[in-house]
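Okay, so chain A shows up in both of these, paired with chain B first and chain C after.
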Partner chain A sequence: MAEYKLDCMFEACPIPLLKALKKLKKMKIGDVLIMQTDHNCSITNVIEWTKKQGHYIDYIEIGEGEWEIYIEKAK
Partner chain B sequence: MNLKSKINNKPWPYWVGGIILAILNIILLFTTGSAWRISTSFLYAGVGILHKLGINVEDWYYFNVYNNGLDSGQTYFNNNIMLISVAIIIGALISVLFFSEFKFKNIKNKKQLFFGLAGGILMGYGTRLSFGCNIGAYFSAIPSFSLHGWVFGAFMFVGAWIGSKILFKYIL
Partner chain C sequence: MSSNKIEELKKRRQKEIKPKKSQLPYFFFVGFISFIIAYYFLNTNIRYSIIWTIGIMIGITMQRSRFCFAASFRDPIMVGTTSLFRAVIIGLIISTIGFSIFQYIQIGNIANYSLADVPGQIHPVGFHTILGAILFGIGMVIAGGCASGTLIRIGEGYAMQVVVLIGFIIGTVLSSNHFEFWDKLFISSSKTIYIPKHIGFFPALVIQLTALSTLYLLANWYDKQNNIMADL
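And then the complex of A and B:
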């Protein structure tokens, strides 16, 4: 089980989602992707998309207007 | 849950935004006599600044072939289109301040700066060739039963499809 970091700070939609999509393709089942973002739309669209794909997802606010999103590849 | 968090808890559905935009555009057309345009305000701002610097833009080929669209008594900085564009920026600012979402964003790196500038120049040049962006040449054109809105829309989707393929494959 590997852990990958994805720096999406100062990037607007749809860049964080596309970056996550590209990274997840290369990952194995059980691997975890940690995304850092300061774009509040990512909280909505990355989470919506990940849930639709059936992966596990959670996020926390690490600073004012900055979030970390955790995605575990499920299939 | 109070009203503030009720409004801002989730993004509004597309159809709600669509209906609000349609009603606002009808009001704008009814009161000013022309539908909503955005990118022309960038033209006016750019040309207005050059004009103030003493560069005579009226001699340029573009303005010889096409009218600058201003009514008599209007200037590059004082006209309907500039007014509404400035009002949109102020309105958006009030809205983000109200919901405590205002934030200064840094430039990530040189790559982002380069592609941002290059994309902006391409978009700006494109809007002048097509006499409008997705607002003036698409959003305002289709409800006016103008064919050019549909042509613009079809090729906008082709462009967006090619652009997103290039973005995903080579730039990200």
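And then the complex of A and C:
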């Protein structure tokens, strides 16, 4: 299992989602993507999109208005 | 949906995070100031205090729900999710019902009303509508938010959105200077169409609600269809 980091700090909507989408395509099943973002819309649209694709996802707030999203590629 | 790997990562990270400071004092401070403003206008101009209160309530709702008009029209095309698009349709359905109640109270019993008597924003529709919509749509997606979205994000503290606001103000000033030109070119020659005047009040209401509900169902179906990864 490999871990990938993706820095999406200070990126405008929808760049975090597009970056995650491109990265996920290159990853293997079981790999984990750690995404850092300060955009609260990413929480909604990245999570909604990933859940729809059937990957595992969760997130935590690491600072005021800064989040880390974890995505495990499931298929 | 979470997995063991993610839970482990989360636990590891949780230990490194410092506890956050409570932001409640700021909330009470700002809340107190807004209350004073509302209270001040209560005696001088009650209209201002009503608009102020409603504005704040809309702002809170939009921020908490992460409602975003830009995303609602962009996401269906970009990633195939229509949850925000459906939210906009529901909003339109509710406002259709609300506006028809107000309009019916105003003009329901008058046989030959003029359009100026009808409450709401009824404006000429024509080529300028399409042109304006395209310009606004392009700007909205590049800037990452429409007018309300930009304001919400400034409130949340995104510095980039301040640049957008400056552009927004420049654009608004320029367009109000140009308005006469557009008015002569398209707007004054375009027709104002108010469908209830042609086919009656209730048929128009039923048609509009049916159209919106159909759009909702279509959007719902589209959302379920798009389960494949978007090709980029």
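Note that in this section the second predicted complex is superposed on the first by the 75 of 75 C-alpha atoms of A that agree within 3 Å, B and C clash if a C-alpha of one lies under 4 Å from a C-alpha of the other, contacts with A are read in each partner's own complex, and residues count from 1 in each chain.
We adopt the following convention: a contact is a pair of C-beta atoms (placed from the backbone, for glycine too) under 8 Å apart; a residue touches a chain by one contact, two chains touch by 3 or more.
From a predicted model like this one, the values you see are computed outputs, not experimental measurements.
A.B. asks: Report clash or fit for the pair chain B and chain C bound to chain A in the combined superposed model.
C.D. replies: Here the two partners, once superposed via chain A, clash with each other.
A.B. asks: May I ask you to decide whether A:Leu18 touches chain B, chain C, both, or neither, giving the answer as first, second, both or neither?
C.D. replies: both
A.B. asks: May I ask you to decide whether A:Met9 touches chain B, chain C, both, or neither, giving the answer as first, second, both or neither?
C.D. replies: first
A.B. asks: After superposition on the shared chain, which partner residues are touched by A:Asn40: those of chain B (first), chain C (second), both, or neither?
C.D. replies: Both chain B and chain C are touched by A:Asn40.
A.B. asks: Which one hits more chain A residues, chain B or chain C?
C.D. replies: C
A.B. asks: Just chain B (first), just chain C (second), both, or neither: which does A:Gly65 touch?
C.D. replies: both
A.B. asks: Could you look at A:Val32 and tell me whether it touches chain B, chain C, both or neither (first, second, both, neither)?
C.D. replies: Only chain C is touched by A:Val32; chain B is not.
A.B. asks: Out of 151-159, 205-213 or 223-231, where does chain C collide with chain B after the chain A superposition?
C.D. replies: The answer is stretch 151-159.
A.B. asks: Which residues form the common part of the chain A surface touched by chain B and by chain C?
C.D. replies: The answer is residues 10, 18, 22, 38, 40-41, 44, 64-65 of chain A.
A.B. asks: For the complex, give me every residue of chain B touching chain A.
C.D. replies: So the residues of chain B touching chain A come out as 10-11, 101, 103, 105-108, 112, 164, 167-168, 172.
A.B. asks: Which of the residues in chain C come into contact with chain A in the complex?
C.D. replies: Chain C residues touching chain A: 1-3, 5-7, 9-10, 13-14, 17, 20-21, 23, 66, 68, 70-71, 74-75, 78-79, 81, 83, 143-145, 156-158, 160, 226-227, 229-230, 232.
A.B. asks: Which stretch or stretches of chain A touch chain C in the complex?
C.D. replies: Residue positions touching the partner: 1, 10, 12-14, 17-18, 21-22, 24-25, 30, 32, 34, 38-41, 43-45, 48-49, 51-53, 56-58, 60-65, 68, 70, 72, 74.
A.B. asks: So in the complex, the part of chain A that touches chain B is made up of which residues?
C.D. replies: 9-11, 15, 18-19, 22, 38, 40-41, 44, 64-65
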